[in-house]
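Sending over a structure as structure tokens; questions will come in a sec.
A, B, C and D label the chains in the order they appear, each numbered from 1.
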Amino acid sequence: MSYLLRRLASSTVVLFGVTVLTFGLVHLTPGDPARTVLAERQGRQPSEADVREFRAEQGLNDPVPIQYGNWLGDVLRGDLGRSYYGDGDVLELLLAYLPNTIELAGASILIAVAIAIPAGVVSAVYRGTWIDYVSQGTSLIGVSMPNFWLGYLLIIGGALRLGVFPVYGAGTLAHLVLPAITLGTGMAAVLTRLVRSSLLETLEEPYVDAARARGLAERGVVTAHALRTALLPVVTMIGLQLGYVLGGAVVVEVVFQRPGLGTLLVDAVFARDFPVIQGVTLLVGATFVLVNLLTDLAYHRLDPRVSLGGGRA
Amino acid sequence: LGDSDPSGDGESVTVARPQSSQDGEWDVYGGVIPYFTGVFEPLVGTNHEMEPEPLLATDWMREDEYTWRFDLREDVTFHNEAALTADTVVDSFQAIIDDRSATGWINVEPDGVSAIDDTTVEFETIEPFPSLPGTISHNYFGVVHPDTEADDDVAIGTGPFQLEERNGDDVTLAPYEDHWDTVPSVERLSFEVVSDATTRVTALEGDDVQVAIDPPRNTVSGLDSSAETATASQRTPRTCFGGVNIYKEPTDDATLRQALAYAIDQEQLVETILEGVGDPARGPISPEIPWSSHDDLPAFGPDHDRARDLVADSSYDGETLTILIDGSEPDDRNVAERLQYQFEEIGVDSEIRSVESAAFYETFTDGDAHVSIVTLGSNSAAADYLIRAMFHSEGSDNEQRYESEGTGVMNLGAEVDALIEEGYFAESLEDKREAYGEVQRRVVEEAVALPLYYVEYVLAHREAVSLPDLHPINPMTDYAHLEYEG
Amino acid sequence: MSVTGVLANRRSALAAILEHPTIRALRRNPSAVAGGLVVATITVLAIVGPVLTPYDPNAQHLGNRLQGPSLAHPFGTDQLGRDVATRLLYGARITLGLAVLVTAVRLTIGVVVGLIAGYCGGWVDEALMRLVDVLLAFPGIVLALVVAGILGPSLTNLALALAVVGWTRYARVVRSSVLEMRERPFVQASRLTGAPRRRVLRRHVLPNVAGPVVVLATLDLGGVILAAAGLSFLGLGAQPPAPEWGTMLSTGRHHLREASWLVNAPGLAIVVAVLGTNLLGDGLRDALDPNDRTERSGREVSRRD
Amino acid sequence: MTDPLLSVDDLAVRFETGTEPVRAVDGLSLSVEAGETVGLIGESGCGKSAAVRAIAGLHGDTARVDGAVTFDGIDLRSLSDERLRRIRATRLSTIFQDPAATLTPTRSVRFHLEEALRLADRPDDGSLRAALGLSRRDWGEPSRTRRERALALLEQVGLDDPDYLDRYPHELSGGEAQRVSIATALASDPDLLLADEPTTALDATTREAILDLLDDLVAERDLATVLVSHDLGLVGERCDRVVVAYAGEVMEAGPADRVLESPRHPYTRALLACRLEGTTPGDRLPTVDGTLPDPTAETTGCPFAARCVHATESCRTTAPPTVDREDGGRVRCGELESIAAVSVDGGRVADDIGSRPSPPGSPNVDTLGSNAPASAASTDPVDDPILELRDVSKRYPIDDSWLARLRGRDRYTNAVDDVSLAVDRGETLGIVGESGAGKSTVIDLVTGLESATTGEVVVDGETLGTVDDRSRDQLAAIGRLFQHPQSSLDPRQRVRTAIDEPLLEAGWERDRRRERISALLSLVGLDDRHADRRPHQLSGGQCQRIALARAIALEPALVVLDEPTAALDVSVRAQVCNLLLDLQAGLDCAFVLVSHDLGVVRHLADRIAVMRDGQVVESGAAERLCTDPATAYTETLLSAATGIGETEPTADHQRPSQL
């Protein structure tokens, strides 16, 4: 209980920091956002009057802390502002794009877990055999593979050559296949290595030998004793992998022209659409903090040592 | 997506289009992009010669220097069955002016649009404005019914298509059966944003879409030779050129600028990098624009010997020129790399600076770069604003530095300013052509703009789709006349 | 000292380095050897690249554009008729240079912050670690994308963004090592001699955290290459005509259909480079890992009295 | 004679490590009859565990096992994995050293017990589901009865509360965990029990209880047991026969009382001689010089030859013969005749073996006896103390995060609670007490690594603050020896640099430092060759000497020693004890000696303070306190310690890490 509270408190602090950073980022911009935005919006150099009006309208004249306060107040009320272009409500925009990214992230994590756990276990159990070398080699290549290239390889193979899968967009399951493979396999590579090393480590533990000494068959030793403990760090890692997924989604979504938070962010960055940039970064940051909180709590439920001992991790 | 055919009747056509930088800002139009969708119609149309022609207005006349009157077509109804009246037109203009701050653009007084009677609308302009009809032929001025509501996806216009469904920038349209002129033959027309050009073509080949706007140039010949697909192309009023900052050292020296002009091989540029899509340019104004003087302009190079001599004669002293491009345009990037290479061949160093699209225009008008690769054209019959924006001291490209530092970017000075004004107020095309022609000649001779190519517009489509003639102004391409035997 | 003396000295110094336990362990580790070879090869190629190729990376031959791989052009030519192989060679400089620079900056910031946080403790530690937490709350590439995007595309800004975003892991590793080290008897023993904290840090703590930090840096090198390529791919990297690999891949995608080598050649280059650093990093980690089996038994053997 | 239940013949275990193979066991033979307890003893690292694992067939791919293992007529070595597994499931059980580590942390006690029961009942049932414990129904037995059987098992090992079933390993104390693992080992009602140091990780009280328990069980079930230990006392008490191993070979074997009372092999004698029991406090202890032979090196001849005072040329070159003793034992030595058949006195051999000459520069051994009378005379308050603790307390926060403070839930632990102590010049004060009693904290306070919450630390008449506040002289006045010999030296620094550090900080000239280092090295019995080594190239005893050299570098008036012998072998421990005695006599400094090991404390200390829960419960002259303890607590401490010399401290208790 006290752990939960402590964890909640520190998450809140981090979340607060996330808002400060999100807000502060925008003030890094070298140019004058008002001018840039108006120029883009109007297709020509904005007049001074327009610039002044825009600044007043967007509250850009206030001192920065006040701007932050106002912004934070709005955010807490669920108002993320409006896009500089087209006056779209940022929250609505995010909610419109979010499902596609969630879909992609979910599918990728599923693929990753489905590949990584068996591969990592087999690799660890058959340590030093060719199975292990193949699995390790593959995952090493997977880790080293930029997913934007993998994406194009899949497009060339799966879409251009075979013509099986649609290459762009979102909506149906078929659209999900190539992007999810792209993102999922990269993540699987990382996870496989983790599962392997974690299992190898537990296989060295005395209790594994003790189980063998009790006369338990090898697969029982691995599944009932070693794997259970070995997968605990993997749980945390999957939580942390969400960061990888969200980061990878940016690129993969661009490669596959998938409307999602990634493409939204990239477009917004290029358009200097600050409210949208802030919205996406805030959403991503908050999600990440939240998911990490949840995986931590899950970890604490799964590992009796931690959940009952109440020790600090 | 992918199932382009929700109703299954085989008569649906999906058009894959690139994202335009202005997408997502069409609240006045119910969120529907007014270009090419055919949901809205302006009072004035533009014919293939880029001249105004009647559309929702059957006729117009100039009451006095400051006043224009337009007679409305009588049998027109909106998609909600309401009749087109002068009042709705006034409301519509008011909404658009408020939203887009277009006042400066069409030069009308703040409350300058009024209904004279049920079928007559009057415009009062700030200054004498001969090209008002051409100007309001722009898609921006499609007439919108006041009930239009972006939040509820209600977009009510008078055009041959009406909105069925909107999802962000993607729209699905159905024919408007009571259109005063044309009822489209396709059952359903969808526009989907696919920003990557290669992907658009892949989708076309897979029959996921039936029309793909702007396929990558290198795919055109392949698409043409395929039995399933074909392409159509049309030169546009847009020109890509290197805008030179004539107020920045060392490009303030006309000799150096001319040397640069001699270095460029437009022919080769078009044939290779552009894969033959486009025409070598000689001036900043596309021949599609009625008063273009392309044919009368001097052609420079390529003549590298001459160019080198000019460099030697110039004040150039080994400085590194900056070539500014919009990083999101792959063509510009290639063109810039080619320019850089050719400049190097005549002994002029340069570096490429690519900025994101949002910052490009500001960087350009700030005069930071020596040469900026810009593509400019007009989306309306009245292209006057184009030459004014580029070369008049108070034109939007120059005004910032002109106001702040008394210089500008591509403005040659008072004489040219006067010529532009003369053309601007000219009542006849002849007068216009004369004044503007002189401007173009000077600009080219002084190498203020390094002409590169006139932009050509390409549509790739399934063989089963028969396209109407393409309009020079590509956003005005008339999909209402498209036919499909799916 | 005579020349031969100097040489002999050099040689023995080299021999000493080669016989250093860590290096010996590295030499026995096949993945480290492979990774080391790959990294060394790429580095050498990057350095001597100009000698190896008859072409200028920026020379355009429009008549020769989009040629497929051939003997003259092993990786074909690009849309401006430039030799892709040559560009890759020159690009290695940018890519590796950037990766090394960014990693070095990350490492420096991270180590300094980690040392300060670990050694000062208290609110300084608290504040710094919360900052780290906040930075860690974003996927690195997202934050880098925003920072680089806002600063505008250029190699410098890219490097800046990547450096600013990625030092946190170093800080964490160093901090926890310092915390752990602070409790170690040999550090306390040093404190008891009256050595000031700074000296204790430099003499005992820093050398002992160097191992994990070096491993992290080697592995990070690959990460930076990937991140830089990714951001370049998105258009935030090197300016044309610089042959940065990610940028090459990004421009090459416009010719995906008829000239897939424009995408595959830089893709492959990136994989090889990252693979090399990863292998080396894995090897280093194994070599420095105190829990390694061979090491452990070796130590136990020598401990018996 | 009937066939023994277990017979091991010429067993060899090699580990394939990176370079040369490690020969952990090298031709070991032993046999166990039904109902018999055989002790396997030998120094740490001499291959005891490796042999046990080889018998149970538990070695993985990295080990190569040769030789014969016959169990009840079955040749275990030639069995298939599957059949071997069945034997382990039903007839042969193993208990390992570290109790907590042998239970799967994510599984409850009940899971462990029921798994063992199931495997014993149905050894053939290898189905994955059963292995996963997924399908209780398939076990062919209602879970109720199995639960009851599990409970019964627990009861057998003295854990009566059914509550234990649902606990997880980390919720058990070390003793409880070891009981649980014994219970799992007994679940199959085995014929043979291999117990590999089942109690080393436990504190003295728990250890006794566990061993008694084992004894009872053995008697009850007629179990054959192999009891591995390096604790001679323990083995003598509990075993029928003893096998003494050295470097993976059997040196001597025979009935326990005979082997321990009249050892024949020089190694056995040497080992026995190192024990502390029965020695006079302050006496120099016999030691065994040298170290275990390098297990990677090929040996010819007797492996012990290098350390054996009786070794002849032929010992070194030819394998020694195995000589049968008249009492049924065997000895593997070629020089038995030349070794005088000396009288045996209470298990202590008054022999000429293994006495190490005094280190050069250290005082004559003979003068050392003077320590004892001095201590007997000294009464509690000392007149001119070098060190005085005045009502010192130390509070550590357990949870003082801002959140806890906010909620008024900050908690503290009193590591040291109002302690007053004084140490006279030249005197040795021993501090004993169970783990967590606050001994190390007292040391930290004295050395200034921690600051006292209340009270004063006075050294040489001056009240001192923390390290950072102390002057150079004040720092130089106290030397400190840390608990773990290896960890008190920077792994990256050479020995020379380590010893140099205090001198450097004290501002010594370079040449003077160099000389001093040489002098210090020889003072602790090492020489300049060792100066360029790094800690991992040194043995534990050598590391401890280096650490000691460093601690006394500036000739402190007070040296504090935190568990100076904890991680060391018997013979090394004896060496360190000798060294400490020599040094104290030579330098005339006072010692504060903290140790779990009452034997060591009794041997070295003039006065002893007993600590418990941060408080000093009793203190007084060593002799008096040992013979006539005033408190029950001291009595239990003492009784747990008697007869058993070699207790390793319990695993370091975890200090809550600071955030």
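One rule holds for everything that comes next: contacts are C-beta pairs under 8 Å (C-beta built on N, C-alpha and C of every residue); 3 or more make two chains touch, one makes a residue touch a chain.
Worth saying up front: this structure is predicted, and the values here are computed from it rather than measured.
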Which of B-C and C-D has more C-beta contact pairs: C-D
Distance between the centres, which are taken as Cα means, of chain D and chain C, whole angstrom: 45
Chain centre separation in whole Å, for chain D relative to chain A (CA means): 49
Rounded Å distance, chain A centre to chain B centre (Cα mean): 40
Sites on chain C at which at least two other chains make contact: 149, 152, 235, 253, 256-257
Contacts with two or more other chains, residues of chain D listed in rising order: 657
Residues within chain B bordering two or more other chains: 196, 202, 327-328, 356, 359
Inter-chain touch pairs (all): A-B, A-C, A-D, B-C, C-D
Residues of chain A that touch chain C when the two form their complex: 10, 13-15, 17-18, 20-21, 25-26, 28-30, 140-141, 143-149, 152-153, 155-156, 160, 243-244, 246-248, 250-251, 254, 265-266, 269-270, 272, 277, 280-281, 284-285, 288-289, 292
Contact set on chain B toward chain A in their complex: 1-3, 19, 21-27, 100-101, 104, 168, 192, 194-196, 199, 202-203, 206, 208, 327-328, 356-359, 361-362, 365, 389, 396-397, 399-400
Interfacial residue positions of chain A with respect to chain B in the complex: 31, 35-37, 39-45, 47, 50, 83, 85-88, 96, 155, 159-160, 163, 166-172, 174-175, 257, 259, 267, 269-273
Complex contacts: residues of chain A adjacent to chain D: 2, 5-6, 9, 128, 205-220, 223-225, 228-229, 232, 302-305, 308-309, 311-312
Contact footprint of chain A on chain D as seen in their complex: 53, 56, 58, 61, 81-82, 85-90, 93-94, 96-98, 101-108, 115-116, 119-120, 123, 126, 128, 130-133, 168, 170-171, 181, 184-185, 187-188, 399, 401, 403-404, 409, 656-657, 659
